[in-house]
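In what follows, a single structure is set out as structure tokens and then discussed.
Per-chain numbering from 1; labels A, B and C assigned in written order.
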Amino acid sequence: MLTCRQIYDLLTEYDEGGLTTSERRQFESHVVICPPCRGFVSQMRLTRDLLGDGSAPGLPPELEDSIVGAFQTWKQRRW
Amino acid sequence: MRESNEKLRHGPAHVPSQPTSVEGDLLVRLQAGDEEAFRGLLADLGPAMLRVADFYSRDSQVAAEIVQETWVAVLRSLDAFEGRSSLRTWVFTILANCARRRAKSEARSAPFSSLDGGAREESELNRFFAANHPRWASCWATINTRWEALPEEALSRAEADAAMIETLRALPPNHSVVITLRDIEGWSSQEVSTLLRITPGNQRVLLHRARLAVRRALEQTLDGERRL
Amino acid sequence: MVNAYKFLASGAVGLFSRHKWPTPAGGVPGEWVRVEGELRPCLSGIHACSASRLVDWLDEELWEIELGAPVLEDDGELLAPAGRLLRRIDGWDEGCARAFLSHCLDSTIVLAAESLSRVGRERDAQQLTASRWGPDSERSVLELARSFEDDPASPLLFLADVTRLERGGRPELPDVAPAADAGGPTPFALAANLGYVCAHITAQLAEQESAGSYEERFLGERLSQSRWLAHRLLLHG
């Protein structure tokens, strides 16, 4: 049986498929019967959801214009 | 809003994570000087590029310059690009090189010490009973409540986003870049490992630590609100 | 064909998959959920359990589930390529969870008291039973904890912890009264957690008395707990 500390250390391995079948089974058996680990797992899940729902803000217009300008210059020099 | 987020999460429809014939078409258009194609690529990759550059430079002006330099370098080598990696991996590889070059030339010694991140993780480890506790060895000593959803009355979406990004900016850049590309931008594990030239196992460790840091930040913000 | 059961988090959601299961309505089973590809335990497939393994998976909701062939069975653990929810086992609610935990604790304390008597520690046995059923059990359980302080790995100290946890206490913070809004564990969470710990304590006692291996005793106790629950919920198979 894994300890809570191991759950804390191994959650990403679990999610990313880095554990063996036997390890997965031990991982799940622990989480099921352990309230603080369940809480921890749900917290990490929500954290990932929030990250996934976010996105970087668009480029500042000056920067975008400047880069497009570089493209136009490049294009002119080529053609 | 959600739709455009979806695009960014899973990669824009016309810039897939693996080189494909769709990407091949895009490449041809770019090499042919198609401005619309370029603007599309810029819109898709630019925002994440700026964020990643910011993690390396910790300076928004320098970050903008890094992004600019990257695109110039991309254009310069566009004809030579053979499509062995995906376009976005290639663009971000150039970005990472530019960022590292800038960091060296500015002799920036950013406080990326492992002590910094390590110290915070230390306080988290205090939340477990000792490994030699006679009955509750290595068990959580605290209650961790389940978070079903963001409690909007305690923490707005904007506040949560701000807390998360602030946390990422304080992490060593390899951590923040991994979590940004994986969890925010939706890159695959293989892509990120390839980009940063690390093993998938190493990548998982960085990702794990970064996720723990973000969770801690959210918890502090949530707890702070509750105490009021 | 063994009956199959599945515990889900509230809202008929899988704990690990976070998949929301279609629920039965108007006597019609929920739609079939199918999983493509090879069946791999803990990785891929619909997981369920027989009545003998209920206690390993305790959660907020208990459902009876029909599994599509072929059903792989491994010591009470079931795996299949498809499943659909047939009916909610309404008897499994907070009250039942509390009753289950109470039963586990009662059994374990009786076993421990008898174990103490067998080795001539009659006074300790009485102190133990008083901590559960005595007139001032709150105080008794603290006294029990203090008596066995010098033997921190003692199953009896563990029992004292469990007794207090059942009542919403925090054994590691002896002077703190349980706060109502501390967001403490639900009865389901306590049942899952402390049921396990009770079986652990029972197995430890057996090992101490050289009355069988820890493993055997632990599994036997868990089986016994599942059987109690299955009877209580009028389940078959």
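One rule holds for everything that comes next: contacts are C-beta pairs under 8 Å (C-beta built on N, C-alpha and C of every residue); 3 or more make two chains touch, one makes a residue touch a chain.
Predicted, not measured: the structure shown is a model, and the values here were computed from it.
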Remark   = Set A-B beside B-C; more C-beta pairs touch across A-B
Request  = Could you tell me which chain's Cα centre is nearest to the average position of every protein Cα atom shown?
outcome  = A
Key: Separation of mean Cα positions, subunit C and subunit A [Å, integer]   = 33
Request  = State, to the nearest whole Å, the distance from the C-alpha centre of subunit A to the C-alpha centre of subunit B.
outcome  = 8
Request  = Provide the C-alpha centroid distance between subunit B and subunit C, rounded to the nearest whole angstrom.
outcome  = 41
Touching two or more other chains - residue numbers and ranges from subunit C = 185
Inquiry  = Can you list every residue of subunit A that touches 2 or more other chains, as numbers and ranges?
reply    = 34-35, 38, 45
Interface hub residues of subunit B, defined as touching at least two other chains = 143, 145
Query = Which bits of subunit C are touching subunit A when the two form their complex?
reply = 15-16, 18, 40-43, 56-59, 185-186, 189-190, 192-193, 195-196
Query = So in the complex, which bits of subunit B are touching subunit C?
reply = 129, 134-136, 141, 143, 145
Message = For the complex, give me every residue of subunit C touching subunit B.
response = 152-153, 157-158, 161, 172, 182-185
Key: Residue numbers on subunit A that touch subunit B, as the complex places them   = 3-6, 8-9, 11-13, 16, 18, 34-40, 42-48, 50-60, 63-64, 66-68, 70-72, 74-75, 78-79
Remark   = subunit A partner, complex, touching residues on subunit B are 4-5, 8-9, 33, 35, 38-39, 42-43, 46-48, 50-51, 64, 67-68, 71-72, 75-76, 125, 128, 131, 137-140, 142-150, 160-161, 164, 179, 183-186, 189, 200-201, 204-205, 207-208, 211-212, 214-215, 218-219
